[in-house]
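Below: a set of structures, written as structure tokens.
One chain, chain A, appears in both complexes that follow, with chain B as partner in the first and chain C in the second.
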Partner chain A sequence: MRLRLPAALLAIVGVALLAGPVLGQAQKGADTGKAPASTKGARAPHPNGKKGGILLAMHREDLAQGFSIHETATIATVWPSMPCFNNLVMFDPFKPVESLDTVIPDLAERWSWQDNYRNLVLFLRKNVKWHDGQPFTSKDVKYTFDMVRQAADAQTRLRINPRKDWYANVETIEAADPHTVIFHLKRPQPSLLMMLASGYSPVYPAHVPVAEFRSKCVGTGPFKLKEWRKGEYIEFTRNPDYWAPGRPYLDGIRYVIVKERGTRFAALQAGRLDISFPGEATKPIADQLKASGAKLNFTPVGTNVNDNLIMNIKKPPFDNVKVRRAISLAVDRRAYAKAVHQGGAVAGASMQPKPYGFWGLLEKDLARLPGYGKPEENKAEARKLLAEAGYGPQKRLQVEMGTRAIAIYVDFASFVINELKQVGIEATLKQVETAQWHPLVTRREYQMGANLTGLGIDDPDGNFYENFACGSPRNYTDYCDEQVMKMIDAQSQELDLKKRQPLVAQIQRKLEQDAARPIMGWRLDHFPMAPHVKNLVPHHNIYNYGRMQEVWLDK
Partner chain B sequence: MSVVIFVLMRLAPGDIVDVLFAAAGYVNESDKQFLMKELGIDKPIWAQYVDWLRGLAAGDLGKSYRYDQSAWEVIGPLVPVTVELAALATIFSILFGVPAGILSAVRQDTTLDYVLRVVSLAGLSLPSFWLGMVIILGLVAWAGWIPAVTYVSPREDLAGHLVQFLLPAAAVGYRSSALLMRITRSAMLEVLREDYVRTAWAKGQNGRAVIWRHALKNAILPVVTVIGIEFAFLIGGLVVTETVFNLPGVARFLVEAILWRDYPIVQNLVLFIAVVVVLSNLLVDLLYGWLDPRVRYSS
Partner chain C sequence: MAERAVADTGLEMVRPARPATGGTWASVARFCRKKPLGAAGGALMLVIVVAALFVEPLSTHDPIATDASNTLARPGRDHWLGSDHLGRDIYSRIVHGSRVSLIVGVLSTLLGSVLGGLIGLLSAYFGGKTDLITQRFLDILQGLPLLVLALVMSAALGPAVHNVIIAISVPIIPRAARVIRSSVLSIREMQYIESARALGIRHLRIAFRHVLPNTMGPFIVLATAQLGSAILVEATLSFLGLGVPEPYPSWGRMLSVSAAEYAQKAPWLVLFPGVAISLAVFGSNLLGDALRDTLDPRLRGA
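On to the complex of A and B.
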């Protein structure tokens, strides 16, 4: 041994001397190519954060459009795709209530509003790489958002584009230099940052054809796609070149697809899964899990998903606001939350109620709206309005209530039908298969419908323009009011939050009075997870906390 | 058969494009037309059928609309899962059903016979999906454990693989075994009353020889027929069991594909099931000849 050690040392020194110049050059090259990405605005690693482990996440169904978030509006795609991507900005993963104040840097390390909120200048991180090794630049940002807003000069086109309207106020996007991008707006719109922070707004690489995202995922995110076994699981592995220091903590994530709800929660209880799926753990399920003594932590959160009634405003009898208002008055919202959701929902108008949301109406305001006050008084008022519209015991109003042939929708519709009966409206249930529901609604071949709406962000712009604006493809009722449109535009460009809030409240009241799309209730989730899962903070919005960058396992 | 499958699928309202737009929450007619063209479903049905047959003849099963991937790549991994589950369930049903049927017939009108008949009646009455769910929920409640919810390859973990498959096989096999038990019992009762069996008893042959060699061999033909039918049925009928135990098999995927109107997947899976039915019937016919020389000689 004594003889071997000096020999080994000599050998190492010799090799080093011979290879020195070559290694030196290689190191220099590597330095240039692998310069650390800028980490401004990135959170310092958690002092107790442990590295390693695979997070086993529940997933309820296979991906609808692969990883192409921009082509879907379903949490089933957003949730398991988010770890692959980054946004320009994102919602602080540790703050459950989302607002402009909780928007933090992501691929943009900082930003600046200029020209009185007409130009949003974003300063991008340097030396960030796509999973295939290509550099990330402002061209990727321009490519992505020109594609989503369907700009005339966009390089490509999405085959399905549900969020085009989010960016209707963007005039142009300018890639000023490789690391600066400017969104030029037609008018001030501070909420643009909220939209950019949503899980629905990842940045795509310009060099990868958009069709490829239906089967693979090339992002800049903390995790790289390892394998997608169709109908079985989606597995990600740590991105070793991730720009945030010390992140991600996990070695990987496996989203296990379990179609049967009973099996999903049995697997969570048995430790086959670590975390639930957003919006899945309703109150009865959470109560059942707690009663069984399952070793799980529960976090009650809002979902930003509401149950609403849609009425075909273009056709009688719903072209008459009195009939619509009578229907809204007839349905007791608090009884709805108790009966249909066993207390797992809360009453609220068109914005998610407090404390889950920022913009929801106060209780005293809600009480004055149709369907929220005393049930008997509301029902009497409904009968009166129906009589004024020409309906009564002699001439009963008969309507058809359509909904998707899925238990949660049918329960909702059945409750409403029963409520309507109490004011003399005879409604019949028509169950429609999912594949037929949207075509039917889009063709306006329905009278009334029980519908669910998930909102990507808790901001009036993300809701009003999508669901209540004249001509929006997702405004299923065709409600169109010039005065309301002016109010929506006014609140959108209001820079002073104190002035914007009353405007938004006024719009909500008006929408409920007009029964534009009466909201029945806002769903709650009780997101269960194993105690060893750390740093995963469920938000009051199912779409925006799936990045998993900060999550670690204390095993 | 292929024409029926092809046409029936297209008679159902809606198509894959409707489903894709449903996931986006809106429908745009011009985008829809563009997408239909991209997927080739804007062509007349007969043209689509010819395209499919042409591909099939060349060994090309087409492309999944949903996954944008060759149908064979999607279907391939599912087939062994379902075949294995159906085979295990069939083996379970034979191992439990046939001996129980024989015992029940031999000990007719005894307590054992009554118990076995009640057990078989329960097997026929309880839906296998209910039994599967009870097994899962019972396990988690009493043992805090359930089998793996992702497919365990036998090459990686044989014990884990068997545990994963034996429980669903038992849940499904129980129903089939109940049917086999009843068929075996009635066939055995009929044969046990035959003159040649009485003669065998009279000659003083031991009980085992009379039952196994003389009685069962003659009573087994209807049982074999039922086994063949049950196996073929299981290939397509495991939907709920595969769903409850989260096994990535053909049946579960077929339902998904129907809901998604993923025609190439549905067509090929139904065709696969049809082929299994034909082959299992052929196997049963061959077994007839092997088990009963009279069938062999008459043909």
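On to the complex of A and C.
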């Protein structure tokens, strides 16, 4: 005992000496408000990651909605705004195929499903600061998602709210304490995590009015907005107080706005830009860049963007399913991918085809859908259906097809017009400026349209509720089928993936048979970037890999 | 009565002998000999007119028919001038495009020149405040470059053939008005006009019956000269997506964004429509220059 006492005293002194500076630092940090943010779930820095440098990124147009991701439905806003923000959770930046298994912590360092997937409890990082120095808390999370789902007691409303239907199943959001938030759901919905992980779902600060995001950006993200010179560039600088250890690597990012496509890629080819813009490097462009000998790395990826035909179902003649089916049958999908995209697209129904997506129909299923079999047989059936609907050589069906006045849309429409001509439908093309296009289809002031739909996530909930559910503002065709709605709800709450997959396949087949929004094809991207750009892994979805937190330059 | 009076005096009335022209073909032959460049321009325009009139027999394919198995085909037996990225035949599209170019070119030139000519005629004939106000209005219109004005109008009216014709014809109006006005200013001082006024003939009758026919020379020259620029403006508007809507072929649109994307791989996509536009403009300019030289007495024989 006499021997043990000095040893114990020595141990206490030793521990005090070792722990003193640490405790002192923590105390000091708390006093000055600079306590380190919790980094649980954050990835360790890359062993060879180099700090510094400005990434020169391609950008195709100016920001129509500023940095307000929640008020937009275009990659043109999401791509240059993502570095400013964080989500609650995000898709692993290193895994190109996205699924529930690739969802990783972001502002929520962990989460827990409770009550059989009815309550999602998210535990938030502590001591995270907004770019203006204010602390991030659960109030910001509640504020953001109450605003997006348009809750009755939401503090504010969005001017445009394209993804309200993503959160239709959320009953309430509870800020249990400053660092815990609970999403209470009406019914089980495991896919909610996928929606929260999308680049379309950043957390906004409750203390900054939404309108301000149209000209500035206050987030918690790895980069702070330095300057937005309209029509020229958007520049970000490193956030020195970022919560992830050792991130970001880059000193900054400059998104250079070049409106003309040829000029954009000439700049990339000449080394004036480091990386492409998601979805822009089509196969012909990639082929040209490769042929030019430019030192670029190419990554072929899916985009989760499909070309589709929209028909105004509430008005004749498209209220007749026979006419819609005839139109779907008339367009040869394989020829479409080959001609319009020079092979840079793949055929598929309403979910992105494999291997780019998880839910796409198998080839044998596709072969039985309208537009996929033998073209002549399909066209003969289309003529028959048109005759049954009362149209033929004596009474030709005449339609007006609208589309955006952009080359790739016009090519798409021109191809379809020719296919329709072969079954006796006379279609004329009406080109509309991009700014007019979305309001026009939202107001349903169109008859038929050649349209593009980008899906924020590769998940049936994110797609079906937004684009095919009764009453959704983005359901441009106004397709509404009670049976399909029941099937959509059933797959949404199915917890067993093996049971959910056949349900989703069944819905896809039904949507194509009803020609709800016939899918023409799914675009592919070849995302070129300079060899010195490291850790940027393009995903099979253009919306979810723009954070740039892990990117570094090997110069 | 006058003839009888002459007969009574015993003098024989001598009719001025018309120069022996030898008929239309001889005139054409003489024109070709004297103005070979103008004749070449005329021949080019004739080819385009023939192509525009006989598009169906001259085409080898449906100009809007896509063919996924024949995209970007090289010029050859099946596709004389190759095919585009959707597999459409370039030659047939150029032949059909000639109709669009010619219709838009001719109608917009006629519309602009006739309206401008009328404004110029009335403005110069009546003179005074009418002339002053009209000319200031034309100053404003002429201050805007032809292409800019056409672009604004086309963007406002939307892409359609009749809108393109209006958009191109409006900028021609002030140019036509100025040319005709200058002619009328000198013609209205002529003695025969003074005589007509003294006889009490109404102003509008004088303007249209005695002044207007004498401005036909400058009018024809003006219209021919404007035809080339009208074709060029139509091609530019189509190139910018404001011209004749797809899928109907137009030379300008054939040069547009998609073609530029494939130009390195398939240069025939931009080469042949470009050549067609160049030849049409070149032809109309050569013809216009030759007509000006022929119809203007000061330059005749120069």
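In this section, the second predicted complex is superposed on the first by the 521 of 555 C-alpha atoms of A that agree within 3 Å, B and C clash if a C-alpha of one lies under 4 Å from a C-alpha of the other, contacts with A are read in each partner's own complex, and residues count from 1 in each chain.
As a working rule, a contact is a pair of C-beta atoms (placed from the backbone, for glycine too) under 8 Å apart; a residue touches a chain by one contact, two chains touch by 3 or more.
Worth saying up front: this structure is predicted, and the values here are computed from it rather than measured.
Look at chain A after the overlay: chain B and chain C fit there side by side. In the superposition on chain A, contact is made by A:Trp437 with chain B only, not with chain C. Of the two partner chains placed by the overlay, neither chain B nor chain C lies in contact with A:Pro316.
Legend: residue contacts after superposition of the two complexes on their common chain; A:Arg159 is shown touching chain B, with no touch to chain C. Touch criterion met: A:Gly262 reaches chain B and chain C at once.
In the superposition on chain A, A:Pro531 makes contact with neither chain B nor chain C.
Between chain B and chain C, B contacts the larger number of chain A residues. By the document's definition of touching, of the two partners only chain B reaches A:Gln65; chain C does not.
Contact with chain B, but none with chain C, is seen for A:Pro473 once the two complexes are overlaid on the shared chain. Our summary of the superposed model lists a minimum C-alpha distance of 5 Å between chain B and chain C.
Overlap of the chain B and chain C contact sets on chain A: residues 262.
Interface residues of chain B, counted against chain A in their complex, comprise 13-15, 18-28, 31, 34-35, 38, 66-69, 74, 77-78, 133, 136-137, 139-141, 144-146, 148-151, 243-246, 248, 252-253, 256, 259-261. Here chain C touches chain A in the complex through residues 64-69, 71-72, 85-87, 159, 241, 245-247, 256-258, 260-262, 264-265, going by the rule given at the top. On the chain A side of its complex with chain C, the touching residues are 261-262, 284-285, 287-288, 291, 332, 334-336, 338-340, 342, 405-408, 410-411, 413-415, 417-419, 421, 428-431.
Those residues of chain A that touch chain B in the shared complex are 62, 64-66, 71-74, 76-77, 159-162, 211, 214-215, 229-233, 254, 256-260, 262-263, 266-267, 269-273, 292, 433-439, 442-443, 473-474.
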